[in-house]
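Below: a set of structures, written as structure tokens.
Look at the two complexes coming up: chain A is in both, with chain B in one and chain C in the other.
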Partner chain A sequence: MITQRRRHRRAASLLLIAAVMAALAGPTTRIAAHSPDPALGGDTFAQDGRLLYDWRSGAAPPAAMRTAINAAAADVGESRASRAATFAYDSNGGNPIGYGTGTCGVNGLACFTRDAPNGFTMWFREQGRVFDWGTLKWCQMYTDPPNGCYDVETIALDELGHVEGLGHHVNYSDDSDYTDAVVQTYSRTKPKEGYNMHVLGVCDIAQLQIRYDIPGASSKYSTCLDVATVMTLSRSAASVVYGGNVTFTATLRVVTDTAYGRLSDNPVSGRAVRLQRRPPGTTTWTNFATMTATSPTGSYVVSARLYSSAEFRAVFSTPTNEGLRGDGSPAVAVTVGSCTTAPCPLSTGR
Partner chain B sequence: MPARSAARRTVIAVVAATIVVVGCGPAVTPPSVTPPSATSSAPPATPSQPPPSVAGRDAPPDAVLAAEGGDAVTGQLGTYTWFGTGSDSPWLTGAPLTVGSGEPLSLTVVPDGRIATWEVRDVPAGAGGPEEARTIAKGTGAPAFEAPGPGTWTVEITLDFAGGAGQASYFWRLKVE
Partner chain C sequence: MVESRWFRRAGPAVAALAAVAVIASSTLGAPARTWVPDACSGAPRVGSSATGAWYRLDPFLDAGARVGQRLAVGRAGERGARQLDLDAESFAAGPVGGTILVGTDDGRRSRLSIVDVARACAWAVAESPVVIRTATLAPDGATLFEYRVDRQTRADLGLWQRPLDGSTPPSRVLSPMVADARFGPTWLTDLIWSDDGHALAVESCGEVACRVRVLDPVIGDVQLVSDPDLGDLVGVAGDRLVAHGACRGLPCPLVSVDLSDGSTTVLDHAAGQAVLSRDAEGRSVVIHEVGASGRTLRILSLDGQRTEALDGDPDGRRLVARPARSGGAAEIGPGWILFGPDGRLPVDGAIRPVLRHVPDGRTVPFDEVSR
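Coming up: the complex of A and B.
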């Protein structure tokens, strides 16, 4: 299981780089499965920007659909886990969302335009439209939604993801990771799994985090990411008297890499960082103390009285609940003087 | 026709250069976006007409599939992103095309469009979605592959256009004899 997870992480790491390179290169590039959604071209909206939409004059969606679209806008705010823009209805919003017989291509059920950082448009095809592929049914237009209907809230969330700059997620060949993203090439219909997802998926969030950053240094990184970190460690003194006090300060940051977009070089706080030690000339590390988060952001500190010389390192273990890769700092040595004042132990060492 | 092609190329250039956003939304003055703490300002009035068709250069080019010496058939355009626009479609049944088993098939885009990468997937005709799709060919540059075995298949070809122009899926209903 761990091996498989590591394999996925390594693959995800490479794919993340590919995804970001694609984002830097231009609009969309097809990338392999289970990685962040690819990035659409063009700029991003302002971090935490607030995009106000209204209903297109003369083409407002039916009330049931308006409610679902508003819910989707709220879904973005609640599940973005990033500093991506949020959406809200405003009667003077200026970013029109329409509904009706207008086209989204010959076969499209919904479509969008984005012109970041200026604005966007969105359109939903009309209930009951007969396409070559079948008759369009929006679930929210029924009291008892039939199988085969599209959930408006999910489709709207998909389109809002596009507006943010997300391309279609590339699933595994068997679609087993379908629910990792709402922004899908082929949205599912009732009752298939994921047809009514009302939160952004982890791989949607991953690309949002790359493009817009995480909300804060203690925020979780999407599990669809595999972001490398770098740990450093310093000590207040390289040598102390027997029983002397030493303060250890560690820093934890995201590795500086353009592939990480706005996540690059982020300080990482609020994580479990341990100070480990080993006697000089040995290879086995043992846990020594838990380091406490301190300022500046991304720093961890612990003070200890030392009674024997040792090497120390700070360790951030790869967490299971987010997409950060653990790291250990290079070792630093502290030399402790001999005990000269009784009582002294029979052998040195704490 | 040449004049039309030239006009189309001009439009492509304009789109590429400016990333003008039109597509399935109407060509409107860019709507307002407020910063987090700003109060919303009244935007310009929005037009009441529906978005224009994406049949022109507001959408990916047509994709045409043909066997050697056979009639070319334009695929059904499915989901795509194209510069600042995009449209989401269901899995489609595909435009009908009859070919022989194992026959070489080649795809071209009209009027033009450089293809970076492509992938061909098929499912037995009648399948409602991509869940059972299998990849039968993929590559870079001009797509070329062999027809699957006898039967009727829905074939999806996904194209990634060079220069990051976008991505599009096209569908054919392949009757293989």
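Coming up: the complex of A and C.
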């Protein structure tokens, strides 16, 4: 797992910018494997917007498919991990979802149009449609779905991801990361792994976070990202008397970079930030205190009485459970005066 | 390969009767028959002028599953449409010279007929034990090109041609498409004639991306365009092929491929539906919706060098694209484009299609210009 995560991080580090460039250029731009899904051109919907759909008049999907499409809409809301738009059925929704021929062109299973921020349309091919390779089977149309069927909920989730603005994920050549994205060029059938994914994958979420932002400053960044952070540190006084109190304030933010889209310059709160110190003229840092999150968002604070001069820095270590890259602040020095009131220690090395 | 010689041997009258049977007998599980065309007399004839013939193909569903297809055919200026019931695996192509090529497969045999829309009759023109997935009539109306798959394995059997008069047996003109993991299994094969009718583009599409073989039927030359960034074809004109990108929806890039050197030009990064047409000088142009909304359109030269804005339909009709995208087609003159509700030809309803003349922007009801 760790090996896979490191591999993801390396790839993501190199390719995040490529993915964002692809977003600007449209889906024909080639990007290498395993980065955030490329982004489709065009605008996004409003952050946390609520897109209401209905069934196309005269071309409504059958009940089993409607249930699965509604489930996919709920999947978006539950797994978006971002401020991407959500979807819900409404009888006057205004964004029609149809079933049958539609205007999909050659596309195999389903298709969409997106006119962000105004709306979208979607079509699903009908059960029993005959292709060159054989006959389309939707799993939800069977009590006991046969092998070779396509899962409506997964395909609907893929299409809703497109509507949000996601392009097809670029997998490793061996497709070992197929389940890191629902939005895929090639759909899988039962019983292949990933044929029935009912949550967005980490690389789908990564691009949603880039385009729509994360829900809050303490929310986790997708592990398909490798977002650089920048830590700063200030102190309440540059010099204090022996035993004087100093307050250290750190700020942790995402690096300002257009490649990060809406994540750029985000404050990052709720993380583990440590204050480290070293005696002047030395190189080894030791942990000194754990800093506590405070306001404004992305700030961390700790106060301490100091008995010797030292350099300090705030450190955010690269976490293993999200796509942020750790950083350490530049060092700040605090000079502490000599002990003038007994009892004084023999050494003020601490 | 066992081919029925019955049609070639039989006289026109017998073939005509068979034509009725072809369509009428192949509707198991389909809805009640709505129209069985009379048998056309004489040898199949394809007219030479645009007549306003049109068709639209829709699945017929039973409990949400396709059990057949319903083909609506009509002519501009005529009230109502005739509706034929076809098998679940069926297609329509054209119109060419007032006729529509119809194929239907009952699970045992594929049968092709040519429906003369004006005369409301049909000729049976081919029958085969292998599955004829799709077919097209050459612009001269003399030759049929068929794309076939094996009935049991669904393996690609290539592209075949046969003279309409049955004078020679069918022969294969293109071998099966070679498998390529970048495209996956072939979902849909489509046959599109070039703007001038001299080349036939054979499009083999995977789930999203397409390959195209451009065939010169006279000398047999084949040019392969195999780029997984390309999706379905808009059209072929001169030495240019225009296609959408490999997208699952719209908007989608619109790409022009120079067939002389394989170079590509992105005509638009976020185009909606697109068609080929002609400008005032008679040059081939591509016309596409700007974005997915269809509110405005653009006219582009095929190399992307010249561009011009074009108003969308003020009443909200959308550009009617190729049959693969619109499920239908109409026979219209050069330089005209078609708008319909939701980008389709309506079988009925209050919103009638309109035609736009690209060179001067004139818009007229579909019925008016074609009569």
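Criterion: the second predicted complex is superposed on the first by the 330 of 350 C-alpha atoms of A that agree within 3 Å, B and C clash if a C-alpha of one lies under 4 Å from a C-alpha of the other, contacts with A are read in each partner's own complex, and residues count from 1 in each chain.
Keep this in mind: a contact is a pair of C-beta atoms (placed from the backbone, for glycine too) under 8 Å apart; a residue touches a chain by one contact, two chains touch by 3 or more.
Since this is a predicted model, take the numbers as computed values, not measurements.
K.L.:
Assess the superposed three-chain arrangement around chain A: do chain B and chain C clash, or do they fit?
P.N.:
clash
K.L.:
After lining up the shared chain so the two structures overlap, which partner does A:S57 touch, if you call chain B first and chain C second: first, second, both or neither?
P.N.:
The first partner, chain B, only.
K.L.:
Quick one: is A:G42 in contact with chain B, with chain C, with both, or with neither? Answer first, second, both or neither.
P.N.:
Both partners.
K.L.:
Is A:P330 in contact with chain B, with chain C, with both, or with neither (first, second, both, neither)?
P.N.:
In the superposed model, A:P330 contacts neither chain B nor chain C.
K.L.:
So in the superposed three-chain picture, is A:G77 touching just chain B, just chain C, both, or none of them (first/second/both/neither)?
P.N.:
A:G77: touches no partner chain.
K.L.:
Could you tell me if A:D175 is touching chain B, chain C, both of them or neither one (first, second, both, neither)?
P.N.:
So A:D175 only meets chain B here.
K.L.:
Could you tell me if A:D90 is touching chain B, chain C, both of them or neither one (first, second, both, neither)?
P.N.:
Once the two structures are laid over each other on A, A:D90 reaches chain B alone.
K.L.:
Determine, under the contact definition given at the top, whether A:P146 touches first (chain B), second (chain C), both, or neither.
P.N.:
In the superposed model, A:P146 contacts neither chain B nor chain C.
K.L.:
Taking the superposition as given, does A:R188 touch the first partner, chain B, the second, chain C, both, or neither?
P.N.:
A:R188: touches chain B, not chain C.
K.L.:
Can you tell me whether chain B or chain C touches more residues on chain A?
P.N.:
In the superposed model, B touches more residues of chain A.
K.L.:
Looking at A:F112 after the superposition, I want to know if it touches chain B, chain C, both of them or none. Which is it: first, second, both, neither?
P.N.:
both
K.L.:
Would you mind listing the overlap between the chain B footprint and the chain C footprint on chain A?
P.N.:
25-28, 30, 40-42, 100-115, 118, 131-134, 158-159, 162, 168, 185-187
K.L.:
Which of the residues in chain A come into contact with chain C in the complex?
P.N.:
Residues in contact with chain C: 25-28, 30, 40-42, 61-65, 99-115, 118, 126-135, 141, 158-159, 162, 168, 185-187.
K.L.:
List the residues on chain B that touch chain A in their complex, please.
P.N.:
19, 21-26, 28, 30-36, 38, 40-55, 59, 76-81, 83-93, 116-117, 119, 129-131, 133-135, 158, 160, 163-167, 169
K.L.:
Provide the residue numbers of chain A that touch chain B in the complex, in ascending order.
P.N.:
Those in contact with chain B are residues 22, 25-30, 40-42, 45-46, 48-52, 54, 56-59, 85, 90, 92-96, 98, 100-115, 117-123, 131-134, 155, 158-159, 162, 167-168, 173-175, 185-189, 192.
K.L.:
Give every residue of chain C touching chain A within the complex, in rising order.
P.N.:
So the residues of chain C in touch with chain A come to 57-59, 61, 63-67, 88-89, 133, 149, 154, 156, 184-190, 203, 205-210, 229, 231-232, 244-253, 255, 266, 269-270, 272-273, 291-293, 321-322, 324-327, 342-344.
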